[in-house]
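Following this line, the structures themselves.
Two complexes come next, and they have one chain in common, chain A, joined by chain B in the first and chain C in the second.
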Partner chain A sequence: MGLQRSEEELAGKSRKAQLVQVSKNYRSVIRACMEDMHQAAVSSRDPALQGQYSTQVSILSAMELIWNLCEILFVEAATAGPLLLRLLDWVRLHVCDVDSMVREVLSSESPSKHKLFWNVVDVFVLQGRMDEARHLLSKEASANPASMNMYKILDDLMKKMPVPSLGNTQTLTELELKWQHWHEECQRYLQDGTFASNPHMESICKILLGDEDAILEKKELMTTWYHFLVTRLLYSHPTVKPMELRFYAQSSMDLFLGGESSPEPLDLILMAAFEFEMHQVIKECSIVLSNWWFVAHLTDLLDHCKLLQSHNLYFGSNMREFLLLEYASGLFSHHSLWQLGVDYFDHCPQFGRVYLELHIERVPLSTEQKALKVLRICEQRQMHEQVRSICKIMAMKALRNNRLGSALSWSIRAKDAAFATLISDRFLKDYCEKGCFSDLDLIDNLGPSMLLSDRLTFLGKYREFHRLYGEKRFAEAARLLLTLMTAHIAPCSFWMTLLTDALPLLEQKEVIFSAEQTYELMRCLEDLTAGNPDKQKFQDDDVETTKVEMLRLALARNLARVIVKEGTVEGS
Partner chain B sequence: MEDVSAKFVSQKISRTRWRPLPAAALQPPDVFATGSWDNEDNRISIWSAGDLGNAGLNGEYHGEPHLLCDIQHNGDVMDMQFLDQERIVVASSTGTVTIFRHHQNNQTLSADHRWAKAHYHVDQDTSCGGAACTGVVCNNPEIVTVGEDGRINLFRADQKDAVRTIDNADSSTLHAVTFLRTTEILTVNSIGQLKIWDLRQQRNEPSQIFSLAGDRVPLHCVDRHPNQQHIVATGGQDGMLSIWDIRQGTMPVSLLNAHEAEMWEVHFHPSDPDHLFTCSEDGSLWHWDTSTNVSEKPSFLHQGGRSTAYLSHSTMNQSVVSAWLSNDPTKDRMEITNLIPNQTLSVNSLDVLGPCLVYGTDAEAIYVNRQLFA
Partner chain C sequence: MFVARSIAADHRDLIHDVSFDFHGRRMATCSSDQSVKVWDKSENGDWHCTASWKTHSGSVWRVTWAHPEFGQVLASCSFDRTAAVWEEIVGESNDKLRGQSHWVKRTTLVDSRTSVTDVKFAPKHMGLMLATCSADGVVRIYEAPDVMNLSQWSLQHEISCKLSCSCISWNPSSSRAHSPMIAVGSDDNSPNILAKVQIYEYNENTRKYAKAEALMTVTDPVHDIAFAPNLGRSFHILAVATKDVRIFTLKPLRKELTSSGGLTKFEIHIVAQFDNHNSQVWRVSWNITGTVLASSGDDGCVRLWKANYMDNWKCTGILKGNGSPVNGSSQQGIFNASLGSANTSLQNSLNGSSASRKQS
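Now for the complex of A and B:
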């Protein structure tokens, strides 16, 4: 993620250092995983599980090996001199089969008498660890004064060996010259037969000269062909340029394997890397590794180094995006890693958003809290359709569970007027059936959300009417009732109920409705009854017709009273 | 702030809680519990915060938290609270409430007691109608839980069945609950209402309802001031922090625009209530510090008492004002600091005790800060 964010950083040398840092971070993550896996493997008692963990460890170490090489060759793009140093480090870091042997010899009391002593010295020489080799040799020399002379010469040669330096203190040509000179000196000593008496020292001298056969003899100590490659380069072409690596690599592999075994996938990947065929590396890795993590992140890193030419695939996006999309889609199928997938999709400029829209709707929403998190993700990216659909799903669930308040709060979040209407209808239905409101705490406290849908407003106002009636504020209640009917907020099916509610107000001892209002009521009633088709079944309408008649009577009586009252001089 | 130790666990953390200290303890808390969510296999874990043996030169504690024990938990951990030194109550997304016991001699956890269908939906279509239990609060031995089914349950730690259940206490989801007094609880719900329930009364109605003025934004968390019981803080879905005075009026006293996304938890510091902590979905954790106001008002006045003219920002010494109620951004200074330097995913939970803060995030990490007020 940090890599994506640093896209605005300055280019040039500092950028390169940053990319190298990022690459190192990736590698340390891989190493940490390896450590944990190793711990798990060591501590688990089930042999099958142990075997599984061990294979994981080996896969992870192979991944780190490849990544490290890519870092050296591509990200850091080491040039001729330092390249060799980096490759030496790489080998030392990764070929650690010999470490136990080294430890054994070093910790024994008289190392020079140990049978593996010369092996260890050879290992040091092969890996270019001159100081350590010389240290061991000095022990041998002190134990065996007869070969003191030989030792001194060898020691001297080792000390004087020119190595490329990291800083710019010497140019390549200088290095070449010095090396040539040193090489000739070694040659001279060998030909003089200085080391003839001690075969070990002689072979060391031959190695120093870069004699391939001598180096090949130590095959078991090197264990891999790339170790052989680096050693060869160290002692014959220390100023190797990156582009020349491929020739040496190919020949090293052939020499090392000697035709007895065919190259393994790992070898092919490394070979592709040496040949600077980045696409090949990625292709091979994707075939071999089952998880997309490695290739996706490596490609992304290389892309940031501006090394991958945009390679248009059939689907129109470039390779980096394709791999990232694959990886992120994989994340979404995981029960908890979907949140990370979101970030990945965000950074795929072409198809990321579409993929995200499709995936985010399919995240299973088991609790409200998870739904809220998903909604927040959608809202931050202005995915309004997804917001609406998720809220609708949650609201439907709530409705089915009879949680009308929750359903309402979800539809408010989505600003979904249609759903709010649905919920209000449900409330009104409940009222008609039960004669009283359920969930008064909700309806009483609707607040400004009442305006979301007409039906909801009606519900709120109707409840207010009931409240006013309960508080005996009849005049206001009457006015409200009338507005509800005349402003057409009320649904037609509810008019009858409203008129029936008006009955007790009409029957009150004191006159509440004015003449105007009574006329309005009568008009509403006529509208209602006129609208009813005659096809209505008469048994249902017994109650209805009685109601209508009662209403007509009450309205007429009220009208009479109010005309009288308004006509009298005192007023009301 | 430099003393934050992080630990990456490979599970998203939904709750972190410090184990309470025994009454006379002087040392800072060192054990905390976490619950995970969104895994197929969720776990409750007990951790020890940092290695006490590794005290550096200035007595700082280094080392990351290490796991003492854990146990599998069915469903997401929605809420968690320590009942006492050894037992912890956990609310699950399956509607189950469980008490786990931490055996300190051999460092194991075991399930002590379980109320299986504490929260459920009555739905003819689905077979298992479990509803998530969203909040739990304890006051040993009583435990109160609330859930998505709008139900409030009162349990006692030693009894098998619920002591009392208020069905359909709310038509919407109840998000959080806290004790106001020993017999009264406060709940917040998803239509922006704060309700007080008196448990001594038998009727199933709240004794008081408060709501926000404008939009009915769902409220997610609630906490009461440790000393002054009339001051309550709530956090909403839009990241707004509201301070309420429940003796007066039905609307919040102050609304503070805090986070950009849902505020998941709000906590007053238990021993230093001038400090408030909030954490949010937007990945930030804010520390609200009103103690700079103390210089204007004498400190002994914080012990409760009459507050007369709390709306007028008088500096008259006889009016007892809590820093939280008299919040005028132009006059009073309140320091707000974000404790997370680079925020990525949501901070789901925090807990603060003494000088120590622990918080857990969706980025699968736990952070412990042991020098909060340094």
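Now for the complex of A and C:
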């Protein structure tokens, strides 16, 4: 992620350093995984599980090997000189089969007597670890004074060997010159037969001279062709240029494998890297690796190094996006990792948004929190259709489970007026049947969202009426009740109920409705009964007729009282 | 990496269709035993049967889910010449404890005079609408104007395809640039060279569905057909299951300005044809993004097809009917070849599974 964000920032050298740092971070992540896996493998007692973990460890280590090489060749783009040093580091880090042997010899009482002593010296020499080799040799020399002379010469040669330096203390030409001299000196000693009596030392001298056969003899100590490659380069072409690597790589692999075995996929990937065929590397990795993490992230990194584009304009950026889309899509099927997928999609300029839209809709909305999380993501990105859809789905679910309050709040969030009307109707129906409201909190706190639908507004206001009545604020309640009918906020079907609600207000000791209001109420009642097509129904239904009559009576009585009250002059 | 899980379905006869709901956590199966079963996936990934009931008086050929915006709704179609719409009723609390739910029939669509071979809901932006197709070659499109009232469906269109129909697929594209479109496949066996895939498009002016295209190159019986989800592409992708797997692209050309107005002409290309199943291919199904196609065939295998970034389609996985991977399927290597994404994003149906066992 940090890589994506640093897009516009530093340029030039510091940018490169940053990219290398990012690459190192990736590698340390891989290493950390390896460690965990290794721990798991070691501590697990189930052999099948152990096998699985070990496979994972080997996959991860191969991944790190490849990544490291790519970092050296592509990200850091090491030039001739430092290139060799980096490759040496790379080999030392990754060829660890010999480590146990080394430890064994070093920790023994008299290392020079150990049967594997010379193997370890050879290993050091092959890996260019001159100081360690010399240190061991000194032990041999002290134990075996007869070869003191030979030892001194060899030690000297090894000490003087010119190697590329990291700083700018010498140019390549200087290095080459020095190296040429040194090479000739070694040659002289060998030809003079200085080391003739000690085959081990003689072979070391041959190695120093870059004698391929001598190096190849130590195949088992090198274990891989790329180790062989680096050793060869160290002792015959230390100033190798990046572009020359491919030739040496190919011949090294051929010589090392010697036609006995064919290259494995890992070898092919590394070879492609040495040939600077980035696309080939990615392609081979895609085929061979079982998940997209590696290729997606590596491609992204290379893309940021502006390396992919220079190769092939059409595919460069598309491939990065293609791989990232693949990887992120895979994340979405995970119950919690899907959230990471969102970030990835955000950074895919072409298809990221539409992929995200499609995937985010399908995230199972198992809990309200999850739904809210998903919604937040959609809202942040102005994915209005997805917001509406998700809210609708939640509202539907709530409605089916008769959780009207929840359904209502979801439909408000979805801005779905039709649905809100439907739910409000349900609320009102419930009220008529049960005589009380559920989810009072919600209705009381609707606020401006009340205006989403007329029915909803009515519901809110009606509830307010009840509240006012409960707080004995009768005058306000009365006014509200009247407004509900006269402003046509209330549906006609509800007028009867409203008028019935007016009854207790009419029956109060105090006069609440003014004359005008009473006239209004009467008008409403008449409208209701007169213009009602179900007049028949009204007349037949005794309860209804009684209600109407009671209302008429109450209204008339109220009118009488209010006329008197309003006509009375106060205080007389 | 594929993980295959077997579920003992307990259907008493052949299972003809399997359908996942929108979120991939519910599944419906239908069978020749005339019943439909609904399965729910629990938190730990196990599937439990939460409903099983008799739906028709003949073999049930297909079952399909409506979009969850309309609630928990299923449609089924059968040899008994009817299609039915079902809604889940939230049960009593003790039912819930037992993990059972009830489905009630909301409507029966009886207009067909022959076996109804497929039923599919239209994309949600078209409202609550579904299409059925019958063995007598008629495609019927129904709509429920009130989405809260699932018992009122009206027959909006009847399309006569002249060939016995076996499958339909709605184009899921919700772009306003595309009119509603439905593809119809035919398994007509009589020896003729008539196109077995027809595309019908809704014409705004005539307010009717009219035939827009016929895929002349498909002359063998078609068993399944599926439009791919549209990722903002200007063209459509259609997969056909016939004697092999075929993938077509349909690029709309400029609408002809004829007097009837607005009928799109398409440029049709076949972008892939695979006969790896070496037998009849019965089902094709796309993943959410329309990037992976799954196909199943009489060789008892499920194959997965994917296009790389150069638009070359390749097989990326093979699964045997019993869930085991096939050796030498894709590429060898140190690491296992796979698709990398979990299976839940794929919704696949296997046809003709045997009586009591069904794989997912």
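A few points about this structure:
The rule we apply is simple: the second predicted complex is superposed on the first by the 437 of 572 C-alpha atoms of A that agree within 3 Å, B and C clash if a C-alpha of one lies under 4 Å from a C-alpha of the other, contacts with A are read in each partner's own complex, and residues count from 1 in each chain.
One rule holds for everything that comes next: a residue touches a chain if its C-beta (ideal position, glycine included) is under 8 Å from a C-beta of that chain, and two chains touch if they have at least 3 such contacts.
Bear in mind the structure is a predicted one, so any value in this text is a computation, not a measurement.
Contacts of A:401 after superposition: both chain B and chain C are touched.
When the shared chain is aligned, chain B comes close enough to touch A:412, but chain C does not. Once the two complexes are laid over each other on the shared chain, residue contacts for A:336 go to chain B alone; chain C is not touched. Look at A:439: by the touch rule set out above, it reaches chain B but stays clear of chain C.
In the superposed model, A:367 lies in contact with chain B only, and not with chain C.
In the superposition on chain A, A:376 makes contact with chain B only, not with chain C.
Look at A:448: by the touch rule set out above, it reaches chain B but stays clear of chain C. Chain A has more of its residues touched by C than by the other of chain B and chain C.
In the superposed model, A:289 makes contact with chain C only, not with chain B. Applying the stated contact rule after C-alpha superposition, one finds that A:243 touches neither chain B nor chain C. Residues 366, 400-402 of chain A lie in contact with chain B in one complex and with chain C in the other.
By the touch criterion given at the top, residues 58-59, 62, 264-266, 287-292, 315, 318-319, 322, 326-327, 329-330, 332-334, 351, 354-355, 358-359, 361-366, 389, 392-393, 396-397, 399-402, 422 of chain A touch chain C in their complex.
Every residue of chain C that touches chain A in the complex is listed here, in rising order: 1, 22-25, 68-72, 88, 90, 124, 148, 229, 231-232, 288-289, 291, 308-310, 331-338, 340-345. Within the complex, the chain B residues that touch chain A are 11-12, 37-40, 76, 78, 93, 121-123, 125, 129, 131-132, 134, 148-150, 170-173, 189-193, 195, 206, 209, 211-216, 218, 237, 261-262, 281, 344-346, 362.
Contact residues of chain A toward chain B in the complex are 1, 335-336, 339, 366-370, 372-373, 376, 400-406, 408-409, 412, 438-439, 441-442, 445-449.
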